[in-house]
Amino acid sequence: MTITNLTTTIDPNAIGEQIYSLMKELFPICRSITGNGVRETLKIIGKHIPLEIHEVPSGTEVFDWTIPKEWNIRDAYVKDSKGARVIDFKQSNLHVVSYSVPVNKKMAREELLSHIFTIPEEPELIPFRNSFYKEDWGFCIEHKRLCDLNDHEYDVCIDSTLEDGFMTFGEFFLQGRTDDEIVIFTHTCHPSLCNDNLTGISVATFLAEWVRASSRHYSYRFLFCPTTIGSITWLALNEPQLYKVKSGLILTGLGDSGGFTYKKSRKGDSMIDRTVAQVLCALGKPFEIYEFSPFGYDERQFCSPGFNLPFGCLMRTPNGKYPEYHSSGDGLGFISQKNLAESLKTCINIIESLENNRCYFNTNPKGEPQLGRRGLFRAAGRKHQPPEEQFAILWVLNLSDGFHSILDIVERSGLKLELVKRAADILITCGLLQESPDNDTSKI
Amino acid sequence: MTITNLTTTIDPNAIGEQIYSLMKELFPICRSITGNGVRETLKIIGKHIPLEIHEVPSGTEVFDWTIPKEWNIRDAYVKDSKGARVIDFKQSNLHVVSYSVPVNKKMAREELLSHIFTIPEEPELIPFRNSFYKEDWGFCIEHKRLCDLNDHEYDVCIDSTLEDGFMTFGEFFLQGRTDDEIVIFTHTCHPSLCNDNLTGISVATFLAEWVRASSRHYSYRFLFCPTTIGSITWLALNEPQLYKVKSGLILTGLGDSGGFTYKKSRKGDSMIDRTVAQVLCALGKPFEIYEFSPFGYDERQFCSPGFNLPFGCLMRTPNGKYPEYHSSGDGLGFISQKNLAESLKTCINIIESLENNRCYFNTNPKGEPQLGRRGLFRAAGRKHQPPEEQFAILWVLNLSDGFHSILDIVERSGLKLELVKRAADILITCGLLQESPDNDTSKI
Amino acid sequence: MTITNLTTTIDPNAIGEQIYSLMKELFPICRSITGNGVRETLKIIGKHIPLEIHEVPSGTEVFDWTIPKEWNIRDAYVKDSKGARVIDFKQSNLHVVSYSVPVNKKMAREELLSHIFTIPEEPELIPFRNSFYKEDWGFCIEHKRLCDLNDHEYDVCIDSTLEDGFMTFGEFFLQGRTDDEIVIFTHTCHPSLCNDNLTGISVATFLAEWVRASSRHYSYRFLFCPTTIGSITWLALNEPQLYKVKSGLILTGLGDSGGFTYKKSRKGDSMIDRTVAQVLCALGKPFEIYEFSPFGYDERQFCSPGFNLPFGCLMRTPNGKYPEYHSSGDGLGFISQKNLAESLKTCINIIESLENNRCYFNTNPKGEPQLGRRGLFRAAGRKHQPPEEQFAILWVLNLSDGFHSILDIVERSGLKLELVKRAADILITCGLLQESPDNDTSKI
């Protein structure tokens, strides 16, 4: 329970700046689902938290999937007839379709155009495209520049390699007082895109730092993996240990200025679902709760029917619901330090709430205990104790029968979690409340 | 599953005309709960489908009831002092109260009037009246004609017989791949009334023809019986076999221009209830779902507490909710071919939905299967596969754990049943989905 | 079932006057949680119903509490420098803080003022204050009179005793056909306050008289106790018998002109909760149902987690929601005979509904029984039987499978309880309905 109130020690301005700085450092790197960009990214995260790096060889079978070849890229360009680089990977790594196979030849305008992708409705933005599981190549450019490609022939070069190698992911585990685990997952496969997903990576990194400094009931596992193949691989490697996972949260899209969105797990009423709903509600700002659907981020894998783990996804504006999504519009200017700090604080609130969600039993369950002689009753004329605190004490006593958790009490009483938690702490001090002996968090 | 898409082979204009023609043929016949009118009706239906005719002797005890005497009528009239037929059975069989005992005598105006029924609020319409279980007699006339009965004495004749005989009903059974049964019930006891219930009789007949031509998972039983005594008798005769009945539907009032109304079974959330709700919803037109109540049609008997079978009732405007109900206003002009065709199509949709409502399991339940290498994933740049189909595939994979049926997936995803069904078919073809071995339809 | 319709024998004007008269008799008495005021109150109630008086010695331990010393008071006053009684217990017993320890000395204005309580926002009213569990003393006056206390010194006297003695409460038990018990609780500890709680005391007394004159399925226990310590003591003394208690109702605040308020038990859907909701709904006037909360009246104790008994609380305007609450404004003018009579009638309706809430089974559950030959069916042309009665008969037959109670039928059909009850009685007479053999009221 010592985890409480650590949020108050965080300076929002300072922490927002720190998260943003980490993002700036990661932004130029050309990440994909494999390759050196991922390694470099994990190395930088490793300066904050001691990441364990996993390298899974190409060709390894993971359930229905196979670890693909490793992709790396040094350079790529399209030169016009005068030798000028009209498309240049060095200007933006979004210009090259991720996982493009090597190309080096002159080709007619028509052939080139069939490999070029744009967003007609957003002519100023370079789209983000990939071809992870089908050997192909392509370039992405601003739609408004399409009309400039007038030469008959172009010199096209993609100096990439697609060869047997490894898929790389990072893991940071923190043992708690119990083996029950909370998993935080964030994807590392996107190149220079900020909201999706340098914000998830950076917020998860600072969240991990914070959890590391806290006393913990739960164990915590932070996963930095490529999307889909990464979560599937981790699930395949850790299948016998999955019974320990009590809650999971996907972090992504945490820097834009939209309100929070939480997408529920397939179960829909698990501890993480109820906890996040309470935390967002207590923020006092507009937010949205989405029902589970089997598309979106890696919750798809954790919530597949063979696992059905209670994983939700926390974001601000959901994927696909803002025009900058998966394009060069999602740059360092699209997100803000303030939003990042608020996102981190919200993640911390969620973890605090999970940590505090214990079941207690009232040691004097028959009638109310006499609060007056313990100094817990607002007597005649004394008004300095706020009534809400009195209410919280009575609610905790009334519902603490060993079966109602703090979260149950919050939901039923309508009181704030911190008030209920404080009441529980006071009652524990008085000996009127004890932790339930069979406090199995999977049932809470 | 071969039942799908047969509806598309039906020409709505042609089928509406055929149903209407059958009704025209049946319209003049004077039906009641027993007698030759019923036999003649079943004989005509028998030209479309091979009906098994049951004759249950008068006096047979069926639960709390006894099969009544058989009623037949040749002629009936009221002659005025000049010998003119002022009320004439030959003009409309509604003129005679059904089950009227024989009468043949002169009587004073006052005595006659005490046996005459009208609808004061609908002065142009002849009411339909019966006295099935109490020996009595009477005439029904237009209220506006009441004032014409000015003579002091009338010659009253009802040339009927009420004698030991039989109650007649028809049954048509179609064996499916399983013994699990769907029962379609429609009542045959009303004289020249169209919506209630020549529409039920005729739509059921054409529905039976259609089911007969289809490959079937379920077995189907079509019942053409008098109301109340008919359903009670069938229940009494078939009690040991009732465990096979998985769903039942009463058909009536299917020709008027109102939107569809479905009255739920006593259980309220059985497969037939949820299926009809989905089908009506997918029609995209206004409809109403009524909670079960123990009045209305023969669902009262099937849903009595000793059976509690999942029988709902499909109609358009409910009984008693239109002024023409149970009167001469419910004639051939009250209903239309278009409405009949739409009603048949809706019944077919319901049966298709029941047939398609299977439980499957995802053969690759751990993480998503790799759809890309099976050509099921919308890859970069390809837009020809509609997103909804992609969604349907992912929903079917996610929920197919052997416990969620197609109907469950439709309800949770909000996608159309045909889309979900098509996704399931595609996944079966790919080997990614298999029918659940314990596919007990009573649990679906 | 003979309890039905006794309400019709009550003359509302007469009974309202009688309840009011009892209140007038009790009003002047200075009650507290112990002492002679309580004894005198119970003696007067005892003229109506044969109360058993319990005397529990000071110092007795009851769960977490201890019976306090007994408090009695003869006189109290504050005299100014001229010897005039500026505050006088004989003018209103509210002037003295209940449980004030003896005081007899001259004191400076400042010291006196620190023991004086007022209601600044209601300057005309004397507040009601107590210090039951902390030895202290004080006076309560109208806020507007505070400015008159200008002398430098006052002669302060509280001629009270706080000594070992007893806590007194009254109990009236009525054996029914079963040992299953309904408990009616009302608190007796408030001095000259009418709505809270002479109305509860008086209505409970007349309700007890009425139940005593009725044939009873349940046994009834009426408790007249001080709040908190009284209910806790009764629970402590009767713990082994609590399994018999099937429903409980706290009565208080039943004389003001507000609509009824029912506060649900902690269980929230117990028989008493559902019954009171039905009764208030049938009244056809505005009312409110509150969810349970662990503050308010003695339901707090009965609903504590160690007991979790199904006790709700019936009142009109809830405690604290009217300015006269716990002040001299809550006098004989604040309540009316009409409201008292309506409150009693509502309590009687609740008890009638509890008594009538039996489970039956339809003796002819397969199909409908033939109502016609039993004279229960509205045949052609006969309109004298109202359709609602017909509906009630069909609903009772349809749902009476031994598991649905009368209350279930009322809730599902939307029909009034008396209609459903009458239908059940008719069907019992016909032999079509029998009481369920395992009619355990704890399950209803």
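Order of writing sets the chain letters: A, B and C. Residues in each chain are counted from 1.
Definition applied: a residue touches a chain if its C-beta (ideal position, glycine included) is under 8 Å from a C-beta of that chain, and two chains touch if they have at least 3 such contacts.
In this text, all values refer to a predicted model and were calculated from it rather than measured experimentally.
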Topology of the chain contact graph, where touching chains are joined (line, ring, star, complete, other): complete
Homomeric contact subunit A-subunit B: same or different residue positions, threshold half: different
Centre-of-Cα separation between subunit B and subunit A, whole angstrom: 55
Interface hub residues of subunit C, defined as touching at least two other chains: none
Residue ranges of subunit C in contact with subunit A within the complex: 62-65, 97, 117, 129-131, 133-134, 136, 138, 228, 231-232, 235-236, 239, 266, 293-295, 300-301, 303-308
Touch list for subunit C against partner subunit B, complex: 361-362, 364-370, 372-373, 379-381, 390-391, 394-395, 397-401, 413
